[in-house]
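Several structures are given next for inspection.
Both of the next two complexes hold chain A, though its partner changes from chain B to chain C.
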Partner chain A sequence: MRRYFYYLILVNLFTNLVVYVPKILISHRYNGVLFSILIGTLLGLFLMYLFTSSMEKFPGRTQADIVSSHLPKWISSPYLFLVAILFFGTGYLILNAFIEVSKRFINPDMPNLVAAILFTSFVIAGAAVKSDRLLYFLEIILFFNLPLLLLVLVLAYINPFLSWDSIRTLIPQARFQISWESIGASCYTLLGFFYLATFNKFFSGKGSYLNWYRMILIGLLGLSIVLTSIVIPVGVAGIDGINSYVYPWISTTDSLQMEYGIIERVLFIFLFFHICISLIGATVSWHVSLDIFKAILPKIKFRQKNVTSYLVSFVFFVGVTTTSITLNIHQQLQIAKVYYISLIPASILSVALMYWIARRKRA
Partner chain B sequence: MRNSNVKVKLNQRLQESFKHNSDFIQKSYQIGSTNIDIFYLSTITDTKMFYSDIIEPSVSQDSSKVFKNKLSATEGFSFKEQPTIEASVQDILRGHMVILSDQWAGVFDCTLYKTLPLTETKVEKTIVGPQTGFSEDIDININLIRHRYHNNGLKIKDVSPKDQTTKMRLKILYDDNKVAPDLLDKLYEEMQSIQKDKFFQTAEELNQRIIEKNKNIFPTIMISERPDRIAYNIYKGKVVVLVEGSPFALIIPSTFMDFFSSMSDFYQPYWVSRFLKILRYLGLAISTTLPAAYVGFTSYNPELFKVELALSIAGSRAPVPYPSFVEVFLMLIMMEMLTEASIRLPKTIGPTATTVGGLILGQAATEAGLVSNIMIIIVASVAISNFVIPINQMSFAMRLEKYYLLLLTAVTGLIGLIVGLMSIILYLTHLSSMGNPYFKLTFSETPNYLKKGTYK
Partner chain C sequence: MKINTLFTSILMLILLSLTLTGCGFKDIDKRNFVLAVGIDPGEKEEYVKVNLKLAIPNAEKTKEVRDFTVITEEAKTIAEAVRIIKSRVDKEIDFGQLKTIILSEELLERDLQSVLDWFIRRRDIQQISYVALSKTDTINILQLSPKGEKIPSNNILLTFSTTGTKSSYVTTVQLYQLRRALVEKGTDPILPIIEIVQEKFRVNKLKIINGEKENMLDLTPEETKLFNSIFNEYKMGTIVIEGKLYFIVALDKMKTSYKLVTNTEKPYIKYDIIMKGFIEESETELKSESLPKYEKVTSKNMEKRVQNLFEKLQEAGVDPFGFGLRYRATHRGSKEEKMEKWNAIYPDIEFRVNVKAEITGTGIIE
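And now, the complex of A and B:
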């Protein structure tokens, strides 16, 4: 079952390619983005180490379960509520970005509302599935999508029109100045370990999630994916030109070509990957969110059945569908920036709390 | 064998070894002053001659000497100086009769082979390998399984669902050393909960009863007519249910991948069987997604293909007066009609229907400008690739899936196709077969139902 932990990390790594992370990082390209990425990745790795080693102390238990049994209810409930909202936020941002993308690049005839209903229904159905089955699902989706991503990346790097000079101009910009937005965005790519909040219940055996070489591997992988996410758009569109694209990655992959395939434009392969990863990423984060909500909200009975999770799902559904038709892309981007900035203190706090609880248990 | 103590011991151990076997027969006779015990499995032993020619005259003359003489003069009988428990069990499992008297022991070879009513497999055909399938007689079916599984771990139990009207004989087969006890408990529970006054008479219907509560689209319990598949699955720790009068057996639990395995995979070279397996999954992909993909490409995203291909599709569609969705739907329905009709038709008229339907109708439809040429190619490849799936139940379920994908794609374009595919995968992973996961990327060598006690 251990391997599923890495899938959770991977899926979060890939979702960063498809949401606002490249856009945010690129907007800071003159602003010491490389240094911020380094700090963000190291921060992410450090948090990952602390969190996983704390969760290992509680095999087979969820975060909600651990926190509410170690803290008084008046702290634990609001705290968990906030955590659940943040998990909801991840899925929310992914879905909204994806609705916008699907309208612009795949099917312009489809109204936002129809797209929102289609995707949100799928994600809610997926979030309601049992946790272990969701992990199997995740494995299958990754199995089909990893080769596609690899293909896109290989085609992007061997592309003769990739200008290494443009990429080289990034390096002098790496002064020792940092921006919270880009630290938050690059740290976010490694925060997949937070899904253990729910999925820890399946990792009940002995042994640890991480050791030093696995951590280095994950760190290198994360760093290379985050770097790739800005290097390729900059290399293809130029360090100034890239600013004129709202979706740097989609526009970049549209400039790639496969001569011998049935499908000529690499864009469509990337879009396929985009759809799958967006949906699975949103599903996993909403599953965790729903799980925490179920643990802290009072049980509401309707005809002898507990309908709390249905009500929460309905709220999620309404949340996405209404904002998808009222907010535009720039407002969504603003929400995303606020979210990523708030994610840094929130995740540090959350990890510190878990670490403290784990230490107290040992003492 | 002088020592009757040994005999008592052997008697006990044989009974112990064959407990939970409803076809295991143990009989005692008092002939003259000697006690005689006989042991055999009624389903694979031919006892008629033994009773009429040996037991009857001996009992009527009440002479153990007559019994011994008659036996030793019969073909197939041999005395055993030192009968061991292992040898006796093996003899019984091969359809021999073990006879223990106070003074001697012997084995009588009177194996019953029921071959006459057996027919070739009709649904799961293989090119090489065993060709006979189950018959409609439950004893013959057990005979076939026993002849493929000579191990006294094999248990055969009678079960009867509560309040069942038809009082069909049901038998549960499993290998005692391999099966998880929890799985058996769960199965008994399910059998008990089969509803009162529900009429059923075949394995297929029993299958529907068991999974009825969930209203599944996909078959979660496999039905097979091949004794070799049943023996293999028993060896793999699964439980098999036989129903009286039904030439099919249920295999519990089953996984999605089981439905894509054919027994001929075992009879082919490694890479050949791998290739065939890939072919089947490819067939699955084509038969479910191709119609929907056609609608998505032609109506929503023609820019996806190379220009030449997009143009040739558009050119072929030029005379067609309605949207691609209607075109696909019409042709698919015609194709389904053809498939259904060819199942019902007598063998002699069958080819006529396919010729008229497939060739003439398709040709005429394109010439009349009702459907495009490419559409005919798509419908034909969908129909053919659907039958690549080796288990009939699954290919029928997949026939349904393409309409779901078609509908989603018609409404929302290619995104609908991908979301639809993902939702099918999600649904498959959500399904359980008797509590076990139905669809995973990899199933470990010792799945949950084999690890005793870990069954959820």
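And now, the complex of A and C:
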């Protein structure tokens, strides 16, 4: 089952192209974004190592299970509640970005509310299935979408009109000033390992998730995806012009052309990738969030059935649909910034706690 | 459990049916596809005249289907003009197929960025549309349908794209490239000029615009050809060598690279060109033993011409090659500081062009 661990990492890597990460990185292009990206990915990689090596000590158990059996309830419940909220946040941001994009590019005549209801119900239905089925689903989605992403990236890099001088202009700006937003945003792309909170239950105890060369490979892949997410838009739209695009990656792929291909406007290929990755990314993170909520919330019985997860799903549903009609994209972007900044201390704390529990178990 | 699954699947089906909306509730026969847009300055001050070339769909596939109509409207902005045009047609106007944007040369006296704003902002307009400049009213360009054109507006499209004709005289500029060069400090946009000659289109001239200082420069067809072969590393170009020997070199390899040296007392740009080709036509007898001699003549000739082109651009104060952007890419400091420094350097910078020509043969005859 180890390959599913890489799918979880990959899906989080790719969602960074469809959420607000490129937009945040681009807004810091004049003040040392490259340095922040480097710090962010190194931090993400370090946390990945600590977290996976701690979870390996508890084969077949989920994070909620481990934490509540090793810590007193008054610490474990608020902690897990916070973690679940953060997982909800990931899916929330992906879904909201996707609703905006679908309104703008896929079906402009569909009201925001209808789109929100449609996509949220889809994601909730997906998040409610059993964990192993979700993993199979994830595998199929990635299988169909990886070639599309590769095609878009290859077309972007071989485009003869890509302005490499604009991209090179990023380098002299990389002075040693860092911004928390861009560190958080680039760290976020490598945080796919947190999904092990639920999916660790399939880990048999044999072998390990990572070794040093896999870590280097994942680190390089992560770094190149994060760099690509800023380099290609800057090369296509120019370092001075890119900031005015609200959806940098969509406008960028619209500037790519495949003259001899099946479809000339590369935008549509990217949009298809966008739809699939957004929906599966949101589904996976909400599945984990629901799973943790189920573990910590009291069981509410209705006709002898536990309806806690339905209630939580309903809260998710209301959360997305109401904000999708009340907040505009700039307010969403502000929420995303706050979320990415808060991810840094939250993930360090969370990983440190797990590491401490694992150490104590060994002792 | 079984009822639960049934319920879920029915729910999913209902939800899925919501996506079956077709083309945003408007079918293809209720749409008017815009093939080309022409923008002219309006008769009133600050007004723009918008010409839309609309396709008339035809069910029968006859020999030459060339039905189209051009609608013209004048308003303060492009968006307003399009709104008025919408009230004049019966179907929804669809810009999804728009690939050609023709701008009138007189528009350049205004702020080009504000003219382009509408095109960039619209989600349905392709960023890969071709942009060209017209010396006359753009309606003339839109209304011309040269013989042999099977689909309206296809002629312009094939001229600019590489799927049709390939010519080293044609400069291709797409919407996103124009916008990038316009906004980017340190590089200036170029636009091809489209004309009508003998009921056919002709694209062999180039205009370079400097947005801030309002300098403009027209290149002659000969200069345009040279510009294209070094700017786009255009491989299929030809070079005419005149003088004691007269021959034409057809290129099949063109590589350029340059270095910007500003830390010496006299800053210079070292421009290297490596080209490879064969002789396509000659008026004097050529010998394959003396190929090195021809190579030397070609190199010298080319060096001089490129040097002259660069100096002409420099004199006019335009920088389409983006030397200024290269300066920004290799120096530290804030954007404004660097641009100020560069603007002081550029008028006096020296060009050192170095051409390495290789001639592989004299064609299939000697």
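Annotations for the structure displayed:
Note that the second predicted complex is superposed on the first by the 361 of 363 C-alpha atoms of A that agree within 3 Å, B and C clash if a C-alpha of one lies under 4 Å from a C-alpha of the other, contacts with A are read in each partner's own complex, and residues count from 1 in each chain.
Keep this in mind: contacts are C-beta pairs under 8 Å (C-beta built on N, C-alpha and C of every residue); 3 or more make two chains touch, one makes a residue touch a chain.
The structure presented is a predicted model; accordingly, all values stated were derived computationally and were not measured.
In the superposition on chain A, A:A125 contacts both chain B and chain C. By the touch criterion defined above, A:D165 lies against chain C but remains apart from chain B after alignment on the C-alpha atoms of chain A. In the superposition on chain A, A:F272 makes contact with chain B only, not with chain C. Of the two partner chains, both chain B and chain C are touched by A:N107. Residue contacts after overlaying the shared chain place A:I263 against chain B, while chain C stays out of touching range.
In the superposed pair of complexes, A:I239 makes contact with chain C only, with no contact to chain B. In the superposition on chain A, the residues of chain A touched by chain B in one structure and by chain C in the other are 107, 109-110, 114, 118, 122, 125, 264-265.
The touching residues of chain A, when paired with chain B in their complex, are 102, 106-107, 109-110, 114-115, 118-119, 122, 125-126, 129-130, 132-134, 136-137, 139-141, 143, 262-265, 268, 272, 275-276, 279-280.
For chain B in complex with chain A, the residues that touch the partner chain are 300-301, 303-306, 309, 411-416, 418-419, 422-423, 425-426, 429-430, 437, 439-441. Only residues 8, 11-12, 15, 18-19, 21, 24-25, 123, 126-128, 161-163, 174, 176-177, 179-185, 187, 232-233, 322, 325-326, 328-335 of chain C touch chain A when the two sit together in their complex.
The residues of chain A lying in touch with chain C in their complex are 30, 104-105, 107-110, 114, 118, 121-122, 125, 160-161, 163, 165-166, 168-169, 171-172, 175, 236-241, 251, 254-257, 259-260, 264-265, 267.
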